[in-house]
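Just passing along the structure, written as structure tokens.
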Amino acid sequence: MSGVALNKVIKSYGDVQVIHGIDLQIEDGEFCVFVGPSGCGKSTLLRMVAGLEETSDGQIMIGDRDVTRLDPSQRGVAMVFQTYALYPHMTVRDNMGFGLKMNGHPKAEITKKVAEATRILKLEQYLDRKPSALSGGQRQRVSIGRAIVRGPEVFLFDEPLSNLDAELRVEMRVEIARLHKEIGATMIYVTHDQVEAMTLADKIVVLRAGNIEQVGAPMDLYRDPDNKFVAGFIGSPSMNFVDGTVEGGTVVAPGLGARFDGVIHSAHDGQNVTIGARPEHIVIDPAGDTHIVDMTESLGGVSYAYLTSETGEKVIVEERGDDRSATGDKVGIKIDPSRILLFDAKTEQRIRG
Amino acid sequence: MFPTPIQKRPRTAQITYQAFLPVALIVWLLPLLAVALFSIKPDADFTTGNYWGWPSSFEAFNNYGKVFFESNMPRYLLNSLLITIPTVIGAVALSCMAGFALGVYRFKGNLFIFFIFIAGNFVPFQILMVPVRDLTVNLNLYDTKLGLVLFHIAFQTGFCTLFMRNFIRALPFPLIEAARVEGVAEWRIFFYVVLPLMKPALAALAVLIFTFIWNDYFWAVVLTQGPGAQPVTAGITEFNSQFRAAYHLMSAGSIVAALPPVIMFFLMQKHFIAGLTLGAVK
Amino acid sequence: DAHASLSGDLKIISDMSNPAPRAVMEGLVADFSELHPDLDIELTIVDREAWKTQIRNALGANPPDVVNWYAANRMRPYVDAGLFADISDLWAEPEFEGLASTKGAMTLDDKQWGVPYTYYQWGVYYRKDIYDQYDLSEPTNWEEEIANCQTLLDNGVKCYTIGTKFLWTAGGWFDYINSRTNGYDFHIELARGEVPWTDERVRQTFANWQQLIDMGAFIEDHQTYSWQEALPFMLNGDAAAYLMGNFAVAAMREGGLTDEQLDFYQFPLINPDVDYAEDAPTDTFHIASGAQNMDAAKEFLRFVTSPEVQTEINGGDALGQLPVNANAEIGDDKFLEQGFEMLSNNATGGIMQFFDRDFDAEMASVGMEGLQEFMVFPDNLEDILTRLEETRQRIYQ
Amino acid sequence: MSVSPAMPAADPTLPQRGWYKRNEIAITPWLFLLPAMLFFAVYVIIPIGQSFWISFHAWDGLGEKTWVGTANYERLLGLGDQRMDRKFEVSFWNNLRWLVLYLLAIPAGLFIALFLNQTVTGIRLYKSLFFFPFVISQVVVGLVFSWFYLPNVGLFDVITNWFGLDIRGGVLGNPNTATYGIIAAGLWPQTAYCMILYLTGLNAVDPEQVEAARLDGAKGPKMLWYVILPQLKPATFIAFVVTIIGALRSFDLISVMTNGGPFGSTRVLSFYMFEESLSEFGFRMGYGAAIAVVLFFIMLFFITYFLWTMYRDEKGAR
Amino acid sequence: MSGVALNKVIKSYGDVQVIHGIDLQIEDGEFCVFVGPSGCGKSTLLRMVAGLEETSDGQIMIGDRDVTRLDPSQRGVAMVFQTYALYPHMTVRDNMGFGLKMNGHPKAEITKKVAEATRILKLEQYLDRKPSALSGGQRQRVSIGRAIVRGPEVFLFDEPLSNLDAELRVEMRVEIARLHKEIGATMIYVTHDQVEAMTLADKIVVLRAGNIEQVGAPMDLYRDPDNKFVAGFIGSPSMNFVDGTVEGGTVVAPGLGARFDGVIHSAHDGQNVTIGARPEHIVIDPAGDTHIVDMTESLGGVSYAYLTSETGEKVIVEERGDDRSATGDKVGIKIDPSRILLFDAKTEQRIRG
């Protein structure tokens, strides 16, 4: 029983409220990822759970203990920092054992726990090095090791991989996934990175300006976002948005050079909507002539074509075949109407059917 | 932040802290406050044994007036200025150039020369006393401000070069490479690229050197004599013998002597503190 | 005449930095420049203590024309180094006959190197009112001295004030007790390094001194005061007397003591078999060998030694000391008169210049430090004497 | 493209460039170094050598030097059948006292820095005022403290009298306390200096590490010892260096406060050498130079340590 | 005529040789990208062209001038640094004009050239700002502008975008492509980023430990790498490699659970080979049972399945459909034999046919 529950938590710095009463339930053993644009409050929220920031109002529960006013060290949490925050003057072994030592655990126990964490993270050969003699990935592993040793109920990660280079990032991501499977603790993870969020999370929490926009499993958010913000935020390259209007239950989208029947109730007649379509769901029709190819970018197995419609709206299309369009081509596009999403142009909320 | 910000402590702790701060400050500055107190007392208070009590009459104007109009103090102050300011300019200029050479270029002996500057700076300066005094005498600069200035420039250059070189080292090297690619002559790189970026270091160092030189006593005693060239630190001892046991005047004199660096410090506080740490704590 | 033709600059450095001498010096210069309107006189007054170290530098590079210094042995380094000008020609002038008594003190290697402008007696200045209050009289021998002192101490008054921070005041005490105990000749032998400090006779001197110390005759904490800082004890009546040079009188008067309160007596006899010897240091003017304006400098020396000027500057309202020119008049001042009387008639043992002028410089510095220590920790005597003896052996080997 | 080349180099027929131009990068540093090196050599490097030279002579600073070989050192250190120079011995031990006690400025500075490392209104002013003593000339500090220590009327004596303590001769008049009294006066500005070094050091402490340690349950002194102090190592190092230098250079305070007394008990090497060389009864330049050389070797120990540390850092940085 | 030619250039630092005699021909107007693992010598080579590092041996030609021993300023090159290297105390305008001013060009000319570069980079409204008042992308634009103003024959870029965040990076990449098209100068570009290399380059140079591994157009390298290193380096996720042997002209690959006929001459009989197959060319066969799905990572439109074969070899497969495999599944795989690449197991060189 060590899920995390936030009840109407609020954080203010002086007069400025940055977290506006968030309710969130994270189950025991769940891997929960916070995403959102920079400054939306991800780190703040995480640090409130850790106890590093005071909670201005509301309640934080870990398991069934109310920890809102407890010291960080008493909450049963461990945190992994973006900059590793390893103690530079201690060896890897001492870094990992430091927390236990501070709390007066016997030497033998510390040794045992460090050994176990070392095994899990394959750090055996580095135990006597100082952090400065380690690569970025190794450092981050040590910092995770330090968290493991303390045997917390909840692990907190604040963008742990963003200081690593691309290759290492992939490696460490897999490592963290494995770790979660192996020790099964509750984890809360803040990231900027789409891929990390999508691949690691059991549950993604999308934050925006101190509020939760949507909570859900990664593919649910990807396929079934509640609003334009989430739709645009999840997925890379992001979803294409074009303006449209509803005319007799039909959505007219000049930017796509298309009309979509039966995707909306006629009740919405005359309403301005935004139509969302992911690049991989749009197919180029070489026979058409509604769009011009501005540019193509080939990444090898996949290319992206940047199109401009007659209305001036930009559309990105993914191409995977061996024949791909070239800059300057005049083309048309095709979309399976079942793949498009509709949003209210004003409220930006999803219009479901 | 360590220790825990007081804001995160209980209200009582905050109040205690806020209240304790001024008390601690007063205790810390007690000797100074005593001098300030002395300097506004009348002479009579000392003969009657009223050293620490409330002044029996307020004599600040009298006492300071005496310092300014009946002693050599103003002359000493002027000397100090005429010694300190050229030294600051000279030492900063020399060390800027040396720092640039040592910080930007790689050449044989770079580190060695740098270390010589540092080592020379940490040498107990008494070892220089006799030869430097002789040199100054031979150059006919004994008891001149110039003699003092030249020596101070030379000696401070060690410290300043350490400071400047480390500062320049910390500048992004691509800036210099970019200028080189653009065909900017090396000396122009110094003047147009490096120098403008060193402004904070220049300010910091200038303030620091100002205090060092202003407060120098040893070399003032070794290389000068009399009110013709001596700075205020040496002058204050003359002042003291002139008014021996006249605590009120001595206090006023001391305060006047200490004032310029203090004013400098308050005006340029930020630079000053940066100065103390910039060159040293990298 | 010669006076009118003087022109150019005359640079004088004087160490007369205490208020009264300072005024005298400034007056001197003012008068002299009135006589010679075309002469540009630049007077620098430096701290008396500081001057003792600065004179070398001053004479070495860019020297002034006229400086203050001291007579006798104290001139030697500068004479040897050729920094003082030989002014034997000046002494050959008839006007200088009035100075004949001091010629010896100004002579080294058969030449004269400067002129005296003042000298002064040493002796015990005391608070007559306090003595009267306790019904004491001026002591003439050691027993009376001790008895007087005991009475004062019993009444909570220290017998002597003294400030030994700059050491030399202790030298005066040694000069007196030693010469009273062992005689002038022995004292000078000791100064010349001919007698070991561990000599029994030296010990006797210290034993006498220790009597006073042990009974608490001196003010406490004297090692932290300069001589001026020790004055208030006497002014306030906490101490009754001060063994000092006559220059102290000006300061005592300025401190508020009237001539009724203040009096003077000759340091009492200790060993009845020896004659009185007195400290009477001579202060002097010299011309630097590198002087730029030799004529003006010499004229200035003639000026300060002339009977009129001597009379004026040594007067009770000025320096309050003794004129060196026999043709000058002693100021109308009871201390000057007493002093002159004492030196003329009652110093048959000899005249001492002073501890730091009679002894070799290094010996003097080590010695005075030892004296100061002795005054604070008399029990360290053995150690102090060993140390002084070691130094003597090294210096006079 | 429409942007035309702007470089002279685009011309294939390069004019023969001057010798300076061709060697610009090699020559420039030396030109820039020249004035500073010249000054430094004339006023610092060469005089050090001269002092060594003088120390083998007897010289009164006026006449000719007389070669005496190592006689000055023999007398100073008591080699052969002589006793070690008493004054030197006293000075040397006093110097050690200075060295050891002056280091108290470091923990004291740290303590004050920790005390002041808060963000409350006006704290900047407080920090400046606490730093104040460092800005004041040591001469003034010396005067102030000697009044502070005056027997009977000095504030220090007044305060100690409340506690029934009476130091014989006053702090500065008692040979057992005088040196400590001066050191305390020196500690005042030096502590301020260390304080400011630590304040900047504390600013640079990685807040995430502090947070990590907080999560690890380290608090108060434990946090200070295990996490903060190791991070303050550079500040400590500098504080150490400047304090050592300050301790060995101590001259102004002694000269102003006691002039070496009472009976020479507060002498240190730097003061002693000044006394021997240039004071009233001094002018034994050779002997003074020998003392300076000994002081130099003591300092060299620290200089070497400092340079070695710098060298290691430099190597690491490249 | 301002291509760049390197003839056997060598760079040594003291005794350590880091560039081992490189020959390379870059045509006039070509966009050439250097890629390779960290420390392989990309920056060093670029800086040698710029003249910022001395060339130990060999010859560097720009156009038909031998510039090997010339000063940087005389080579007709301009460089854009990763850290922008803008002069922080000068306005944008002064930054761009500084080089010309220092070389004594008349004011009017400077103004004109700066105006033109400003126009190209759309920096008009920032001309009077200092660099500190600009965003990262704008700063990098200014630094490119500074290069343009000098009208160099060759532009050199050292990881110009790696200090920018993901979104800006995409934007600036497009900008640089446009710039190249517009001014048509020769450009040499160092990067770590797959996407930048693939999308910008006319020609990619793959470096490894101071040697060139392969030079070619992006898609050529992707589809037709010369050796295992290039094959593995280009493309993300990288190519799968499994061991195989040649038996009578047939390649047997137990790790793929497959045999490939006719892809190799029987001359290689008995040889050990490495078989390479890109994730997007492998298809999962739910009916098979040769592999176990260790883990799947879903990025939305695409998922990656991490499979382990019976031989213990790992294979990554890309999945795009709506039905994707799940962790723990037993599956088989299918590959079009024309899509596999063969490498000599020892030399790691490609075996073509």
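Annotations
Labels for the chains are A, B, C, D and E, by order of writing; each one numbers its residues from 1.
Heads up, the rule we're going with is that a residue touches a chain if its C-beta (ideal position, glycine included) is under 8 Å from a C-beta of that chain, and two chains touch if they have at least 3 such contacts.
Remember, predicted model here, so these are calculated numbers, not experimental data.
Chains that touch both subunit A and subunit C are the following: D. Least-squares overlay of CA atoms from subunit A onto subunit E yields a rotation of 175° to the nearest 5. Inter-chain centre distance (subunit A to subunit E, centres taken as mean C-alpha positions): 28 Å. Averaging Cα coordinates per chain places subunit C and subunit E 94 Å apart. Between subunit B and subunit D the centroid-to-centroid distance comes to 14 Å (mean Cα coordinates, whole Å).
The distance from the centre of subunit D to the centre of subunit E, with each centre set as the mean of the Cα atoms, comes to 54 Å. Chain contacts: subunit B has residues 133, 183, 185, 237 touching two or more partner chains. Multi-chain contact residues of subunit D, defined as those touching 2 or more other chains: 7-9, 24, 61, 227, 278.
Annotation for subunit A: no residues touch 2 or more other chains.
Looking at the complex, you find that subunit A touches subunit E at residues 165-166, 170, 174, 177, 192, 194-195, 198-199, 218-219, 222, 234-236, 278-281, 295, 297-302, 318, 320.
Residue ranges on subunit D touching subunit C, taken from their complex, read 60-63, 75, 83, 86, 150-152, 168-170, 172-173, 175, 258-259, 261-264, 278-284.
Residues 47, 133, 136-137, 140, 142-143, 225-228, 237-238, 241-242, 244-245 of subunit B touch subunit C in their complex. The residues of subunit A lying in touch with subunit D in their complex are 50-52, 71-73, 77-79, 81-83, 85-90, 98-99, 102-103, 146, 150. Subunit B meets subunit E in the complex at residues 172, 174-175, 177-185, 188, 192-193, 196-197, 199.
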